[in-house]
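Note that chain A is present in both complexes that follow, paired respectively with chain B and with chain C.
Right after this comes the complex of A and B.
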């Protein structure tokens, strides 16, 4: 399959703020996030529980559910416009046709009472697909591409499929209407190592063959390190660092990214160098109102961090929000981490 | 010290249209866990590692074989007389969010088993509160903060520490940690692994660590041993660092090859092993259990099952064609 890779749409998220209504008032889960997904690339978003990564992903579909509410910002997708300005029927059509979404734990997003084939036909009818036969042919093609027997899978109920097979069904359903922007939320969580490696390879190959713009949301740096072109690190509802993946992993600049990478259990290297980050991830209720959200766990905390929130600063194609590293002096070209 | 010999377990599936179906979960497994030692069971879901862990914790029966705890064969005891032995082995669940009763404060959660323990050991009631604080300090959390709170007020990492503290109320000789860090945030995982390592060193507790993530097995302390389990059979076994750096079984090599490479920090190993897609595994086969997925299988593998052996070394394998391959990622900086 050869499609013009220039056809892949770009996605620009600007000033996105999503608040959740709580007894303590409306608290921001995502706060003023700017993130650009370059056309035809895979962007990985990594963050811990409560970092706002899943809320960010749902915003791409304008699908944040109450008590959540998108209170500010825009999500511009080429050929579609601002998703946040869409509503009703227009929005419903965009979901699936333009933006495909592979849900976390695909087993919970499939209907247990219907065969996969019936759910595929439902999807086709709800999007006014004229030629359902062709839709089924496309679906079988995609499943075969991912190493499954299409006819057998379409005749199966979800409980007859393994975790890795369901995840592939999820990817098929997200792509079968020719969506060009695909969001995968924790695509490999709860999968075995070998299955995970297979799914990651499939994501990369399908991404390239169909000229997609892909966003992968995960808590596991390893799961995106293998496939992504660029990596955005989220903490407390902010993107604290964003850049080409090998550079972010090889020379992280934000203290949180540095700590996170140091905390990954690895197969090789000195065990004694690895350590957990002190403190714990913030929750909606414990996020500081002013200043840097990471300062409580930071080893480079300064006075200014208590009062002023660091602005994202772009330098060498890397965007970092940190008072300590945001404005690198010309003398320090490359910073080694301990 | 706990040893097991030729443990087998078969689950019988009922209710399918085809009638009964036997699913062998364990096909004759031997193990030995020293006091203060660390053993990791590695494998994919369905390989039998959790079943084996539950058998060792006394929560599951086995069909044949023998478990010996501190020199006493369990088969010689009645169900009732076995209980004190299995009480020395405590299980830590995977999910710290469902392992704690949400309607009880941490104080109440720890108080109940500690009262039982006080009765068993003839200590006064007043011992209970002090012990609860001691245990929480031991697992690295502030008792004053945690004791009056409910589980939902704590983070996942803290909850897992509370679960470990609760397991310690019984003064166990061994902790069975089943995927104990897989639901913990990445930045806090090493903290829990470090705690298990600490408990080994300070209390001389042995740790049975069950996981699908081999890398974490390196972090529970020195002199650990890894058992790689495939479809109910131990297919490779040896010191943790040896199994990770120099595996000889193609299945171990497949597992290690599947671990993602952190580009920029690491480069992939030069001889990655990718298994073929799993076929129908329900059929009984006489040969090596991994033969159909193994890229290196021969006629002999199809017809004969290799047994775990080591030619006199500490690294045991069940393979007719063992060969070292460089599969794990190597650091770029060093």
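Right after this comes the complex of A and C.
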């Protein structure tokens, strides 16, 4: 397969704010997020349910669904410009062609009434692909690359494929038009451990072969640790910590990241060492309006946290939004990640 | 595009499926024919006996009355119930439904045949029209469901769904034949025309059919639009629609994905309601004076015309059984999940 060896595009998210219309007014699911995806890297985004990570992922395609609405910010992708400024046909063409999106495996992202091959042709026709035969060849090549029998898969309907196979089909459809930015939303959720490992390996390998810029959304810290170069931790619609993955997991600075890592049970050693984070994740309605969103569950809460929202501070390539990080933190080093 | 790698169930499997359906359908028809045969004969009131007694009251002697009755009906019932049943089944095998009792000397099949022409075409037209209209409007109602147009369409569906067919029929009659008389009040065709394949006759047929078809369409439109709207809304929430949009598929493709998935469950209902049309629509036939199957059935019951009743029931049964078979085969053709379920 011939690929134009253009350098992977960088992605810069600036001041992204997404609000959802609720009976209590418009509430922010993502507020003022700055996140830079370095060209050619895999960035993992972790967070609890409702932390805004899926909304962030959809924003990369300007596809936040009503009642949600992107109210501020920009998403600059090299070679494409500000995605949030695109609309209509321009936006449709950018989707699939420039930015590939892979759905969660257990969700049905394929039309149940059409074979995969026919859906592939629909995709090609939608993007004015001249040589549909070559598209089918590329698709078969990608599927073979992921360990599937391309001809057989293209002739199948969705219900004839397993979850792991569907997920690989999803990855194929996201890449077959040579998208250089790929967003994977919970790519391994609801897959068994072995299949998870396979999918993660495929993501890593395809990412390197095709010089992609990849964003992986997950709530599974273990999964993201396998593939990502850098890690962004989301809480209450904010990126509270972002940095190289080994450093973030090996020496988390934000109290939330620390709590998250403390909560992971270890394979060896005492299970009771795993501590659940106290309290509950915030919902749109319970999110505090002023001050730090994490203070209710924080073990290092200070007076200032109640009134002033911490600004992201970048130091040594790590960005942390916390008033308390200036102070020495209790070491929660985990040897697996160090 | 891609060669079929695995064998799909073709030819032989489909023939086996059809044969199975036909076998089960025949059994079903036999069961219904048997049950209706006995039930009909257990209804109080015997038309031959009735005629005999009427003649007696007119002053005939019993002998005379019996002979007159025999001449009138062409036979006198003598055999036991079981004997009659065997006879009935034997004629049924020869597609002979016997002779009508209320119109002596006329075959039931020809009565049903002539009534069917006044039922099948108008009701079929009404069913298909309401289906097309309801499904199209249902899609719009679903897509525009947060706007005024969507509300309006959904409201029209709920309203029409709630109004009984005879009220719609009477309203339309009042409006278009009295207040604004542009359409004929009743009867299936203007008797001035010679029946046959000529423009005048066919034009008159169509002209007379406007009101009954409109009534039928309006009466069933509500159900279709409501069902289609809720199906489309459900499919809109499915992930593959969002996924298709995020892959940058053209609107046309996304719309087709949506419509095909949403319309699927409605095909079964459509096939069944087409099967039901052999029962006629008594209200519409009554209001617009169409001598159709519904009226035929009701009249046969009131005159205790056993043969005709049995025939009318049988026609309804056959219609529904055939519709079921067609619905099932249609489903096999349009839903791949059903297709592969059968190979497993």
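Rule of thumb we're sticking to: the second predicted complex is superposed on the first by the 315 of 338 C-alpha atoms of A that agree within 3 Å, B and C clash if a C-alpha of one lies under 4 Å from a C-alpha of the other, contacts with A are read in each partner's own complex, and residues count from 1 in each chain.
Everything below uses one rule, namely that contacts are C-beta pairs under 8 Å (C-beta built on N, C-alpha and C of every residue); 3 or more make two chains touch, one makes a residue touch a chain.
Here the structure is a predicted model, which is why all the values come from computation and not from measurement.
Shared-chain residue A:95: touches chain C; no touch with chain B. With both structures placed on the common chain, the touch criterion links A:10 to neither chain B nor chain C.
When the shared chain is aligned, no partner comes close enough to touch A:32: not chain B, not chain C. Shared-chain residue A:110: touches chain C; no touch with chain B.
Once the two complexes are laid over each other on the shared chain, residue contacts for A:291 go to neither chain B nor chain C.
Of the two partner chains, chain B is the only one that A:250 touches; chain C does not reach it.
Taken in their complex, chain A has these residues touching chain B: 48-49, 147, 163, 192-198, 200, 219-223, 225-226, 245-251, 259-261, 263-269, 271, 274-277, 280-281, 283. Against chain C, the residues of chain A that register as touching in their complex are 61, 63, 65, 92-97, 101, 103, 107-115, 117-118, 121-123, 125-127, 132, 136, 149, 151-152, 154-155, 157, 159-160, 170, 173-174.
Contact residues of chain C toward chain A in the complex are 1-6, 238-240, 242-250, 253, 257, 260-261, 264, 334-337, 340.
Interface residues of chain B facing chain A in the complex, by the touch rule stated above, are 44-45, 155-158, 185-191, 193-194, 212-216, 218-219, 244-245, 254-266, 274-275, 277, 328-332, 334.
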